[in-house]
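Data first, discussion second: the structure below is written as structure tokens.
Letters are used for the chains, namely A, B and C, taken in the order the chains are written, and counting of residues starts over at 1 for each.
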Amino acid sequence: MPLITLLTDFGTHDAYVGIMKGVMLAIDPSARFVDLTHDIPPQAVDVGALVLRSAVPYFPDGTVHLAVVDPGVGTGRAAVAVRTPRAWLVGPDNGLLAPATAALGGAQAVHALDNPAFQRQPVSHTFHGRDVFAPAAAHLAAGVPPHELGAARAGLVPSDLPPVEVTADAARGAVVHVDRFGNLLTNIDRGAVHAFRDQSLSVTVAEMVTAPLRATYGDIASGELVALWSSWDTIEIAVRDGNAAARLGVGRGAAVVARGG
Amino acid sequence: MPLITLLTDFGTHDAYVGIMKGVMLAIDPSARFVDLTHDIPPQAVDVGALVLRSAVPYFPDGTVHLAVVDPGVGTGRAAVAVRTPRAWLVGPDNGLLAPATAALGGAQAVHALDNPAFQRQPVSHTFHGRDVFAPAAAHLAAGVPPHELGAARAGLVPSDLPPVEVTADAARGAVVHVDRFGNLLTNIDRGAVHAFRDQSLSVTVAEMVTAPLRATYGDIASGELVALWSSWDTIEIAVRDGNAAARLGVGRGAAVVARGG
Amino acid sequence: MPLITLLTDFGTHDAYVGIMKGVMLAIDPSARFVDLTHDIPPQAVDVGALVLRSAVPYFPDGTVHLAVVDPGVGTGRAAVAVRTPRAWLVGPDNGLLAPATAALGGAQAVHALDNPAFQRQPVSHTFHGRDVFAPAAAHLAAGVPPHELGAARAGLVPSDLPPVEVTADAARGAVVHVDRFGNLLTNIDRGAVHAFRDQSLSVTVAEMVTAPLRATYGDIASGELVALWSSWDTIEIAVRDGNAAARLGVGRGAAVVARGG
């Protein structure tokens, strides 16, 4: 039974996501779906890219990951299917798919979704999720070879996520996501602090507050600020039993520096 | 494997929707579900009717569409199952089901859900979704003939959606829904502008702003107001890379006029 | 096909819930999921306990109910699997599971989830949903006997829900949940008013407003305050076609007294 995950910025107040599933079930009645999230902030391609990357490694091999955060719908951006060693990705080629593709072992092939035979006709100018991406995902799940979906392409548009600057004793990154609990997720991963990983680390947020990096919430008191390795395996700033974003008044884009010492 | 879609105003903060699925799985363990949305504004029957109509055409033949927006629960309104050429509809007979029924080819039969043998007993006074509608949908999906669910009825209560007034050179309708992106969805469809469809169209909202009807977002600059054919195949007013509802300060009910010339 | 329900406070803006499903599908590709809700207020164990209890009786025998509202993650609280006569429960042993366990016939066995072979290694300090609870639920669904998951335990931590005080002519409880419609759900069940159940009941909220207990909304006029038996089979205070929480300005914790006479 083919498995398709969905990530969009469509929200759940309309039936857009349900319509995509209806289109896919009409193509492959055995398709099964797992929603990653549909609450990516509208048109926030880089947030979608991070959340998608955080989720794809946990799914079985052969899963089709369908992602639509697509401010360029109706313009010249390409629609693509990506083959990786472990899974498929389908979505607009605007940076959304690149981090997840890397997390799945890199692109072995990229194909445009430009074969009208595998689109829903007539293709709407505003809802490629229904007419281009969902049909492609369902056909891949049903075993259609990707080269039938359209022309091969050289590669993917990279994401424009902020870089991490690594020096001998510090890694300088940023808050890239705030989760429901107010935890501040950064882009500083274990590789970025490899040079000083044997030292105790301290993490400074927005040039104003410094917290020690701890192994677990159990090591700190309720209400205290702490840095932890997040479920993304990047540094996260949290308040035990509290909300770090509200406490510090910071959000996406805030500078974060991890230092050994 | 029978397919059942769900549309309600129950929200997702409680377990009401999950309970309905549990009841259905206890009747038919092979049932599969697709959520259309559970965020219809509380008791907004006409919004539910529009969103339901927008979604049902995309599902495979034989799907059971279960919809519950039911301010009259516990009063005299009927609970019904509707057979159409393509699919089934189950819900309260309060206007919610009529537009979707028409979109599926019209009602071939309407049955009340008044047979206690196919209800969950005792029937609650406040939660017919669990005790009346979900059991009916699961029994239909499992192959129970609709006349066993209850007495035949002559037809459906019509929806009270606003009409579109069509003249030789204009169609006058209204904003009937605002989606997550702030796009203003109207009730003016292609039929309403058929008489002047070969001319360039302009669309006036709330008697204050006029925008040209374009084929695609690609035809306009970022931040510009535009009218488009929506994914519902009705006229939609949007701001490229922006939020039309916030920009114009208008919402549901605002007058919309499409003119040729 | 094994059935697993999920209830968490993770929200749906992140991919945490999707990741748990991916982990479970990698263990048992035939697993099917029903979401109860992921919008339990963050770390509100007692709300989670009530919503879970309200839902579990409606699911088929053999269902695995996976619940994660876990402010103590990374501290000494136990992770457990519970066997009841009708179903399985998996989650932190912090009071979350106790009311649902009772509703399913009581605990026949409780096992800690401390066998590393059935955890996802390395176990994160912050996301036991992914690394401990989801693997345990999927293994139970796939038929692994619970004693293989870890050591037997004597019982469950009870919930700290407020008690109901019952006298000969009154039951004193509290608002324990406000649903999407603004209905005030209390903890006063039919047993609490058994002694005076043959009398007409009146219900006083927050020592300020008294409403009669009615059988159905149909018995009252639009805009009127009323008390009803809720879908939880506890007393609920509602406003017909309105929002009781907003009208009265009360919420969780407000005192409620039901009196005969």
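Things to note:
Simple rule for what comes next: a residue touches a chain if its C-beta (ideal position, glycine included) is under 8 Å from a C-beta of that chain, and two chains touch if they have at least 3 such contacts.
It should be emphasised that the depicted structure is a prediction, and the values quoted were computed from it without experimental measurement.
Annotation: the chain A:chain B pair of sequence copies touches via predominantly different residues, less than half of the used numbers being shared.
One copy, chain A, sits rotated relative to the other, chain C; on C-alpha atoms the angle is 120 degrees to the nearest 5. Separation between the centroids of chain A and chain B, computed from CA atoms only, is 31 Å. The set of chain C residues that touch two or more partner chains comprises 12. Listing the residues of chain A that touch chain C in their complex gives 1, 3, 5, 7, 12, 34-39, 51-52, 54-55, 58-60, 63, 177, 179-181, 215-218, 228-231, 236, 241.
Put simply, chain C touches chain A in their complex at residues 9-19, 21-23, 25-26, 29-30, 33, 42-43, 71, 73-76, 124-127, 130.
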